[in-house]
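Lettered A, B, C and D in written order, each chain numbered from 1.
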Amino acid sequence: MSAVTADGTVAVEKSGIEGSYLTDGYTLRSWLLTTDHKRIALLYLAAITMFFFIGGFAAALVRLNLIVPQGLLGSAETYNRLFTMHGVVMVWFFLVPAVPVTLGNFLIPLMLGARDLAFPRLNLLSWYLFMLGGAVTLWALFAGGVDTGWTFYTPLSTMYSKSHVVLAATGIFISGFSSIATGLNFIVSIHRLRAPGMTWYRMPVFLWSLYSLGVLMVLATPVLAITLLLLALERVFHIGVFDPAIGGDPLLFQHLFWFYSHPAVYIMILPGFGVVSEIIPAFSRKRIFGYKFIVWASVSIAVISFFVWGHHMFVAGTSLYSAVLFSILSYLVAVPSAIKVFNWLGTMHKGFIRFDAPMLYALGFIGLFTIGGLTGLWVAALAADVHLTQTYFVVAHFHYIMVGGMVSAFFGGLHFWWPKITGRLYPEMWARVAALVMFIGFNLTFFPQFILGYLGMPRRYFSYAPEFQVLNVLSSAGASILASAYLLPLGYLVWSLLYGERATGNPWGATGLEWQTASPPPTANFVETPVVTQGPYHYPTPESMQLHG
Amino acid sequence: MRRDLNRLLIVWLLLLILGAAEVAASYLPLPRAWRPLVMLPGAMMVGVVALGFMEVRRGSVLVRAFAVAGIFWLLVLLVLGSVDPLTRTNYPVPDAQLR
Amino acid sequence: MSLWLPAASDNAAEVDHLIGALLVISAAVLLLVFGLLFVYLIKYRAGSPIDRGAIAQKTWRVETAWTAATLVIFFGLFVWGADLYVRLFQPPQRALKIYVVGKQWMWKVEHAGGQREINTLHLPVGMPVELVMTSEDVIHDFAVPAFRIKHDVLPGRYETLWFTPNRPGIYSLYCTQFCGLDHSKMSGNVVVLSPPEFQTWLAQNGGSHTLAADGRALFMRYGCSGCHGIDGSNDTSGAQSTVRAPSLGGLYGAPVPLTDGSVVIADDRYLHDSIVDPERQIVAGYAPIMPSFAGQIGEEDLLKLILYIKSLPAGGSP
Amino acid sequence: MASTVRQDFQYASPTHQAETAIAGMWLFLATEVLFFGGLILCWIYSRHFNAPGFDAGARQTALWIGTLNTAILVTSSLVYAIGLAFVRAGDTRRLIQCCLLTLALGIAFLGLKFGLEWRLDFAHHLFPADPYFWIAGSLSGGARLFFVFYFISTALHGLHMVIGVGLLLWIIRRARRGEFSPLYHTPVQVVGLYWSFVDVVWIILYPLIYLVGRGQ
């Protein structure tokens, strides 16, 4: 921060322009009290990675248990706590924050041509809130855990569960404020800090999708906050708003919960759309197809996703009118997603496609997200949902979107911008292998679950009927492959930090302001504030490529 | 300054009048389902505060957009959230069974 | 058991058609997406010398076309799914009513004849069945995959679920709403029998008297008969009634005009409500003087009372 | 003027930063709207399924305190807005006076609400967890739910008021140090937005609590 006098002369400190943000201070203090969005992104990356492996460990145990019908772990209590832990950690401490707080935090100012986010101190505060919330939740999970599932349905969570529900809810409540702060910062920054010439339609799709995500974070999370507050009050003081015995309604909890948690699904997937929309043009050497359609698809997803939460409650005992209304609205939200898939294909059409690791992840994303999205049509059809909901079909469906889609996109983006973030290149061969193994392991894990679900195997079952064993063993085998694929990047990315080849400013030859500055960027991002004169993805046309190539 | 003061005082008087109207309306013998209409003057008071004290109109387009977004999504929550209870009939089980 | 899920109710076949259609549509779209993907990846790989020609600049025609196409398909799926779903809310009048209570972690079933069973449900084939369900504690969910039906079972209120089994056999039933520790143990079997077998089963497991007969005794014990006649006429000069209250003979299934001008059909739920919370729906022409019996009559007794009232013909005592 | 203008290095001009801060506050208020929105949805559910008991609860509230408090809050917003007009005209002394008056009105609200009204409610056995809760029988469930809404919503609103009082103290301290001028008074504006918003929340809670169930 620099103080300037009223006449308006600005005295920007010279610090860090020569070196990069990584060399701008080596003390612990220079990291823990930084307001630099790039350093905060790295703080977040460390935290996210930790939570990912905690949640993944729980998932591994869940899959291990399901190898035998009677349950390998021997205790339903342990199992219930494990899948709750998996859900809570993965949803709130990995999937929701993953891309926005790491890649988003790092890239938004760079892509905008700005020096930082609008409120850098709020950004740091949001990291601390996230860590505090995470610590409280982990405390709850390790002090004995929670056995309600991540959905905390009442009255199980309020009157019958004997686990640390309030503590876990408190942790999630706190981390919610971190989400709100992040979303607010993103929206305001995108509105106010665009470089000269950076009009809305010159912004990369990634920014549009993070803008849409910001809307969801800012407007849905507060409802989760009040819901968790009421949940805790109900559990501790038995206030009765969710208790039918005195006239409350357990469905009210579900409405409030899904008002947040359905948009949260899009909080998880929208940044994935953004990442893929950057990677595909870069490795097809071609302008993105139907830019405005993609952009407005993101925005309309942000709006419509608030209208569809009731589709989680088709068999919950809501009114018929409510179910029918939410069903048709759910179909509406599928349209923009379909638009995006076809636009990515259109982008590859007549391109010069290269198969670097980020592109492999992006291709995996398209395939898996398409399957996830299509099965979404199944569960939006009311009568089909009655049969399929609350079974492994739904588990497979949202894992295809969350893990197949979102996690693929996260790894794609991480590899794509890794040279920018660290100034080092990752080992390409290893990365391609990891992407491929991840794709195979993922499908082996989750495809059998579609069949299990159709056959009627309910989710959250510690033990199951013997006829389901074959498919469960297949799924668990796939999970072990998937787990090793997740460990690979951890290894080679860390290795590349020390031994990786030095990256140039723009190793992919990609467009976008973030590639115009050094790798890694200086603290103030740009030596001179860039001036934007053309739209995004100004890759050469095929004709000129063919002339030169 | 004086013009500002006059404007603010008018806003304040308007708020007090609307508040009084709201109290008066609450004594109208409306049927139970219609009683939430008593809130109409209250909704107007919100508008008056937003325009008079919070200076929405002086603010940028962005400020207005944020204000509208807040109201719009509130309505989404309340309207779509009410569809279920207002069109549902609960068939309660007597207390005895709940023990 | 094989990997194939039997379709053992009328509804199951219809849902399978819908799911089949969804499968076909999904497969077609997947084929299209993956097909295009692979063609492009091979044809337009960076090393490919193929002539790419000029790229399309105007995209809105294509975009509008595929947006419109998806909208039309989606709307069709919506209508199909909703149509089947709406039927689940319209049980036929003649459906066999069976009462189901979920509790951590078992299903308690009670037939109209007083037969009780736990984690098992015996049904006759070919007869519509309506389950009237409630929970004693948390939210459960009664699901029979072979019938393609499922519904949450909530504490404090009744939910219904109906279906027509059309194939004798033994099918799994599950609780599919996570309900705590032994959620995965809260499962059992639905046994669908031929009608004669079912009658035999009822006879072998039935009590000596019907629930309706018990209800008749309760009707006296709780003092209902002090006010309500059962002869079907609302003549209050009758000897039984000193207080003016509607007669209950032939009431079940008949339309009842209320003071607020609306008319309701006197079904199980109406009767139940009227005992527990009489002030809610007052019959036209009567004063709201009946006390609430909420908390005084247990759920089982309520069931018996309702069955008794159902058994009353319009003309007088049965 | 000796006061400085704040400008962080990501902004093009002080005005740019000021407008951004105000926009940020508005977006935060949109968040708050949804936070209280969840509570309002609770009100809709509780009242819809238990209208007689819920309205009976509403009739037990102290209308005069609620009404007086509404007037106090509206007036406090007015006083603060006048203070803002003064700082725009360069009169920091009047700004401080207005802030002090706003502070006094805010504390008066809190005193009436929690010092008097809540105490009376407890004395009349209106607290839903009270073993001698004022009403029993078929209306008690709805009445309890009403008072659950009453106590939670007034407590949350009160919490926002307390935060607002803290912010006012902060503004007064900075104004005393002469940090504000016609050129730079963004924090005064931002806190004013927050204060008026808390006022708006009360304007919505007031009929939900005191008025809707009152008439027969």
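The rule we apply is simple: a residue touches a chain if its C-beta (ideal position, glycine included) is under 8 Å from a C-beta of that chain, and two chains touch if they have at least 3 such contacts.
Here the structure is a predicted model, which means the values were calculated and not measured.
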item: Of A-B and A-D, pair with higher C-beta contact tally; value: A-D
item: Mean-CA-position distance for subunit B and subunit A (Å); value: 35
item: Mean-CA-position distance for subunit C and subunit B (Å); value: 39
item: Chain centre separation (subunit C, subunit D; CA means) in Å; value: 46
item: Touching two or more other chains - residue numbers and ranges from subunit B; value: 62, 69-70, 73, 77, 81, 85, 90, 92, 95, 98
item: Subunit C residues counted as touching two or more neighbouring chains; value: 155-157, 277, 294
item: Of all residues in subunit A, the ones touching two or more other chains; value: 191-192, 219, 223, 244-245, 249, 251-252, 255-256, 259, 320
item: Chain contact topology (line, ring, star, complete or other); value: complete
item: Subunit A residues touching subunit C - in the complex, by the definition given at the top; value: 71, 76-77, 80, 147-149, 151, 153, 155-156, 159-161, 243-245, 250-251, 284-287, 289-290, 293, 314-317, 320, 323-324, 327-328, 331-332, 334-335, 338-339, 341-343, 345-346, 348-355, 363, 366-367, 370-371, 374-375, 377-378, 380-391, 451, 454-456, 458-465, 467, 470, 541-543, 545-546
item: Touching residues (chain side subunit B, partner subunit D) in the complex; value: 1, 4-5, 8-9, 11-12, 15-16, 19, 22-23, 25-30, 32, 35-36, 38-39, 42, 45-46, 49-50, 52-54, 59-60, 62-63, 66-67, 69-71, 73-74, 77-78, 81-82, 85-86, 90
item: Sites on subunit C touched by subunit B in the complex; value: 134, 136, 155-158, 269, 272-273, 276-277, 293-299, 302
item: Contact set on subunit A toward subunit D in their complex; value: 1-6, 8, 10, 12-13, 109, 114-120, 180, 184, 187-188, 191-193, 218-223, 225-227, 230, 233, 237-241, 245-249, 252, 255-256, 259, 524
item: Residues of subunit C that touch subunit D when the two form their complex; value: 277, 279, 292, 294
